[in-house]
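Since the structure comes first, as structure tokens, the remarks are kept for the end.
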Amino acid sequence: MLLTQKNTIYYHPQGKEISVFEHCFRNQLPLMLKGATGSGKSRFVEYMAQQLDRELISVLCHEETSTVDLLGRYIIKGADTEWIDGPLTQAVRNGAIIYLDEIAEARPDVLVAIHSLTDHRRKLFLDRHHETLDAPPNFMLVASFNPGYQRGYKELKASTRQRFVMMTFHYPNKEIETQIIVNETNIDKNTALKLVNIAAKIRGLSELGLSETISTRLLVDAAKLIYSGLAPRLACRVAIVETLSDEPDIQSSLQDIINMNF
Amino acid sequence: MLLTQKNTIYYHPQGKEISVFEHCFRNQLPLMLKGATGSGKSRFVEYMAQQLDRELISVLCHEETSTVDLLGRYIIKGADTEWIDGPLTQAVRNGAIIYLDEIAEARPDVLVAIHSLTDHRRKLFLDRHHETLDAPPNFMLVASFNPGYQRGYKELKASTRQRFVMMTFHYPNKEIETQIIVNETNIDKNTALKLVNIAAKIRGLSELGLSETISTRLLVDAAKLIYSGLAPRLACRVAIVETLSDEPDIQSSLQDIINMNF
Amino acid sequence: MLLTQKNTIYYHPQGKEISVFEHCFRNQLPLMLKGATGSGKSRFVEYMAQQLDRELISVLCHEETSTVDLLGRYIIKGADTEWIDGPLTQAVRNGAIIYLDEIAEARPDVLVAIHSLTDHRRKLFLDRHHETLDAPPNFMLVASFNPGYQRGYKELKASTRQRFVMMTFHYPNKEIETQIIVNETNIDKNTALKLVNIAAKIRGLSELGLSETISTRLLVDAAKLIYSGLAPRLACRVAIVETLSDEPDIQSSLQDIINMNF
Amino acid sequence: MLLTQKNTIYYHPQGKEISVFEHCFRNQLPLMLKGATGSGKSRFVEYMAQQLDRELISVLCHEETSTVDLLGRYIIKGADTEWIDGPLTQAVRNGAIIYLDEIAEARPDVLVAIHSLTDHRRKLFLDRHHETLDAPPNFMLVASFNPGYQRGYKELKASTRQRFVMMTFHYPNKEIETQIIVNETNIDKNTALKLVNIAAKIRGLSELGLSETISTRLLVDAAKLIYSGLAPRLACRVAIVETLSDEPDIQSSLQDIINMNF
Amino acid sequence: MLLTQKNTIYYHPQGKEISVFEHCFRNQLPLMLKGATGSGKSRFVEYMAQQLDRELISVLCHEETSTVDLLGRYIIKGADTEWIDGPLTQAVRNGAIIYLDEIAEARPDVLVAIHSLTDHRRKLFLDRHHETLDAPPNFMLVASFNPGYQRGYKELKASTRQRFVMMTFHYPNKEIETQIIVNETNIDKNTALKLVNIAAKIRGLSELGLSETISTRLLVDAAKLIYSGLAPRLACRVAIVETLSDEPDIQSSLQDIINMNF
Amino acid sequence: MLLTQKNTIYYHPQGKEISVFEHCFRNQLPLMLKGATGSGKSRFVEYMAQQLDRELISVLCHEETSTVDLLGRYIIKGADTEWIDGPLTQAVRNGAIIYLDEIAEARPDVLVAIHSLTDHRRKLFLDRHHETLDAPPNFMLVASFNPGYQRGYKELKASTRQRFVMMTFHYPNKEIETQIIVNETNIDKNTALKLVNIAAKIRGLSELGLSETISTRLLVDAAKLIYSGLAPRLACRVAIVETLSDEPDIQSSLQDIINMNF
């Protein structure tokens, strides 16, 4: 799955991430973004592609993503066969930024395919197409992975990790998060702040044992429903409480926090 | 498997679920329905599709449902190949409601396929068909999953959960359930009430250790058999007791409850 | 594997099973028969098909039975492809009774294929053939499973179970079983009774730890061999003792029981 | 793998096995032979086929033997496809004896394929070839399995076992075994007797913990090597000791037994 | 993978293995060679093929070696298909010696394919090619397996073992091993003896817990490097120590033994 | 994936590795390099290929690398098929050096394919292409594996290990490492030394429990970012700390070490 994004992206920087990205781009170093669901990794990459005026090609990796999906394949057309570039090949050919989202999920041969692109060689070998591509200076490889739900089963090998510069994304601070909600939903600042306070409270409650805590995305969803006319408590119930847990006890604790704010 | 349903559906609301669905539809937010077997999730979606006058396309996901099943595939016809839209592609093209029933059962690439449809992009990427579809405003994605028999093996990742607004479906209260049975079977209200009392009693007996408790569907089946002339105790035996358990001890406890009512 | 059976079947009812079957047929409710090997489930279905004057199509499910096996597939014939209805499709098209024997053994997509046939929709979706079939009133779906050797690994999900009316089959009582043996083998009633007494004794010996106990079928096999001229003890040895166990100790206990009768 | 055997087979009966086989053949009952490696099951089937003047078709089942291997398949020949009968189909068509050796090793669909052949129906369903075959009276299904190395992982389901009449094969007694060796190798009776004594001694030593004990086949191999001129102790070392175990301690115990005889 | 070897092979007999091989060949008995890596099994087979003036065809079996690899397959050539004999078929057709190296690693159907070749039938059934081959008298089947690293997971079934005459290969004694090293590397006898002493010392140290001990091959490699001019301690380090273990403690013990000799 | 490298490579020897490589090349012995990620194995092979003026063909092995990937395959071109040499075949044909990186990751048939190339035969068998290649004297097989992350699941069999001469690579000493950093990044020697000191400190901290410790590559990445203008602490944070661990506690210990130097 690939997307070419050229529209204007709203992004609120949280630290030096823009500078790190620019230096990696300039030094032709691959970059890996670590962070939980909804912490803004994908949006940041879209924003940087726009800032650097580079095409962005995104691939969401999963358990069955293989080299063929990235490099390309032959398609049979009547009596002929035709080669179709995969997204990684397109990115190398065009000097674009390729974003391999959740790279740890992909099949192992994918990690192999990027080895020669992430060291001094900067080459892509298309064995099946009898072609070797030299990555142009403005090609950049960005990847993401989520150490949170990686526990136990899908680790990145050290031999892959050490090929990347890495940055961790955290949730934005209260002020930034409030502004994001207002920007994306047109809701009043007061309601946005209440939602942010709810999120801050929930994120602090490690005793709830949530597999992953509340992202800004959920707050935006709740704000949209409230702005659209749904009662705030019900909006938070369906956008936040039900989404975070299926356990009645935990749901009731979460709803208590919401009811204290709305 | 897909179905296009346009007939009149009987649905008895249990709470604010209609309002939540409408607000999600209006705000283009994907919705996930949680709840046990027979709690009315599928019927609710059919009802809402009819209310909103949208075509409904349903897919029951299982362990082998893959992206290809949803997006489409090439079929060989003589010397030519022809592209066939899958149900998700049809729904996006036609601005329909797609209902992915038991989504947690599907293969992981299915969850990937819907990512770009469930965020700000609202795009469907048909890489194999070299086509990108923008979802029209009246396209809506609805999914269901059953946290009950999810224990242990098939969880939804947080990165998938947090893309949905969520609602839980519970069994209807006594009055509503009695009315559903009467409506669907034409049985007298008194017999329907007896069946509902049996259900209430069984649902309260957590010590039976049933993997899932009695749904309204079973009561409707029993009522049909009784209305058709089968003895009530035998009808309940084959429609309820045998269906809920294979263990003689549990069956005998269940039959006792039935015998106290008939 | 499918069979179309139209000959006269001998069946000796053990309870109200005929009445339950007829009411299910009349109310268009799917029926599941539970019971051990050789308890007469398959014969009962054949008998009912004959009584109701419906064609019967049987499919014995196993670990690799998939939707394609039931619904149909395209066959390549020279340069053309031809659609071949599977047994379930045939049954729906012809208004026949389909019998899915040992349904719990089949692959999960099979259970999905029958969902829309077992609820208010009564439709069969042939996506690959771009066709939707409405089941006629005299189409009926019957399935079987054996809770005995299901222990641990292959359960039916509650969401499947609750779609069926269910009945359990037990072994016939002595009188009936004697008559079955006489009818099927022409052996004298006295010998048949001895065999039935042996069976009753063995079924009562739970301390033998047999994975499944002696079915009527084994008694019929033994009776055939005796009628054919084999010594009764040897006939019982090869038809009963060796079939029930490979353990010398257990075999010797079983042979003792036989020797006390012959 | 199939073989059609019409030569004269030497077989020395050990009990009433010939009578049991004939009665099964006459009553059209399927027969299963149980017993260890080299206990003479295969040779017995060859002998009976010759006695009854029936063609014999043998299939040695393994973990990947499937229905297609037994029933038949389409082969592509240039632009055409041609149906090729599998060995089971050939046997049914020709009224031959089919011998499914080590049937418990086969894939589960094989057991399904034979169900309708092993009950009152006696039909073979060739769904892929749109053909149903009625087994002629002189078709007979014989199978074998080895309860010895079945421990734990590959059992026959009770629903399969109870379709067969069963017999266990043991090693022949001393006199018979001596004669077999002489017949097959032309060695002098005295040497043959020594080999049989060695076998008797080894079979009695359960404390050696051999996974399977010495078969007549090994004695025949040793006799051949001795007759050919190899020193008896060395012949027994390579034909018996090394074949039965890789453990030096056990090998040395076995060699001691041999040295006491030669 | 197959090889046809006709050059002169150097082989130093260690016992009566040549005589056993010749008697097996003469009596048409299949032979299995047991022994550790580098104990000379393969070289012995090459030597015997040369002595008996038979063509040798070798196949190194691995986890994915299947019947098709041994028997042959159809290859598509333009619009036609062509049958290609596999190595086992070639060996039977030509009356050659087939050597199935590490047979226990192969897939189970391989063991089945050889059954009819290893009993009184001596036939090869090419079902897919509709052909049955009778093995000529000078066809011989030789196999090898390594009981050492077989522990636990890949055993040979007794039903396979008992089809072979078996011999175990051990490492050669000091005198023979010294001569082998001199013959193969032209190194002086004194250095060869030092290497043999090192090997003897290491083979005696069971407390090192090596998964497999030092083979003659490693001594030959070390000798070659020394003869070529590398310092003896360094040659032994890279040819012996590093090859036998990755553990620093064990490596240091091994190096101590080497330093005591050089 | 293969690469043909002919440019000038910078390599700083750490011991006698150049001499060992040359002697192996001269004696036609295969060589295996052991060592952690980033310890310079790949660069060393590139350097040696350049020194010996041989073409180098590299293959990074992974879980799905199979014989076909190394030897070659047929490609369908319209109505014809065409054979394409794989990288190993190319290397043998051209007398090149083949480098099988991380060979233990490959599928087992790969290890088989190289057997006949790594013993006295030095042959490559292309069964599918009906061709046997004799390796020319200047063909050399080099492989690598990483005993570090091999723990438990992917070992090399002794029968494979003992076919290679082996060498272990360690990280370079301080002086050499400093020089490497300066050479590759143009950073001042003082900063390079600080980075090397940081590495030395981290490598000594076994109590951190890192799965693999800091490689020279990470130091080079950090140096590039510093040279490019990123603040040293931030450069080390993203190139070293985040890359080595996801655990906040460990990250904080690592950052402390960095802050003491910058």
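Letters are used for the chains, namely A, B, C, D, E and F, taken in the order the chains are written, and counting of residues starts over at 1 for each.
One rule holds in what follows: a contact is a pair of C-beta atoms (placed from the backbone, for glycine too) under 8 Å apart; a residue touches a chain by one contact, two chains touch by 3 or more.
Model, not experiment: these values are computed from the prediction.
S.K.: Which neighbours does subunit A have in common with subunit B?
M.R.: none
S.K.: Suppose you hop from subunit C to any chain it touches, then on again the same way; how many hops at least until you reach subunit F?
M.R.: 3
S.K.: If you list every residue number at the subunit B and subunit C contact, are more than half found on both copies (same) or fewer than half (different)?
M.R.: different
S.K.: Tell me the rotation angle, 0 to 180 degrees, that brings the C-alpha atoms of subunit C onto subunit D, to the nearest 5.
M.R.: Rotation angle, to the nearest 5: 60 degrees.
S.K.: As a quick test, compute the distance in whole Å between the mean CA positions of subunit A and subunit D.
M.R.: One centre to the other, that is 61 Å.
S.K.: Go ahead and note the Å separation of the Cα centroids belonging to subunit D and subunit F.
M.R.: That gives a centre separation of 53 Å.
S.K.: Which whole number of Å gives the spacing of the CA centres of subunit D and subunit E?
M.R.: Taking the mean C-alpha position of each chain, the two centres sit 31 Å apart.
S.K.: For subunit F, write out the residues touching at least two other chains, lowest number first.
M.R.: Residues 79.
S.K.: How would one label the connectivity among the chains shown: line, ring, star, complete, or other?
M.R.: Contact map by chain: ring.
S.K.: Quick check on the complex: what are the subunit D residues that touch subunit E?
M.R.: By the definition above, subunit D touches subunit E via 1-3, 36-38, 60, 62-64, 76-79, 102, 105, 146, 148-149, 211-212, 215, 217-218, 221, 224-225, 228-230, 234-235, 238-239, 242-244, 246.
S.K.: Quick check on the complex: what are the subunit C residues that touch subunit B?
M.R.: 16, 19-20, 23-24, 26-27, 29, 34, 79-81, 107-109, 111-113, 115-116, 119, 121, 123, 125, 127, 132, 147, 150, 155, 157-159, 161-168
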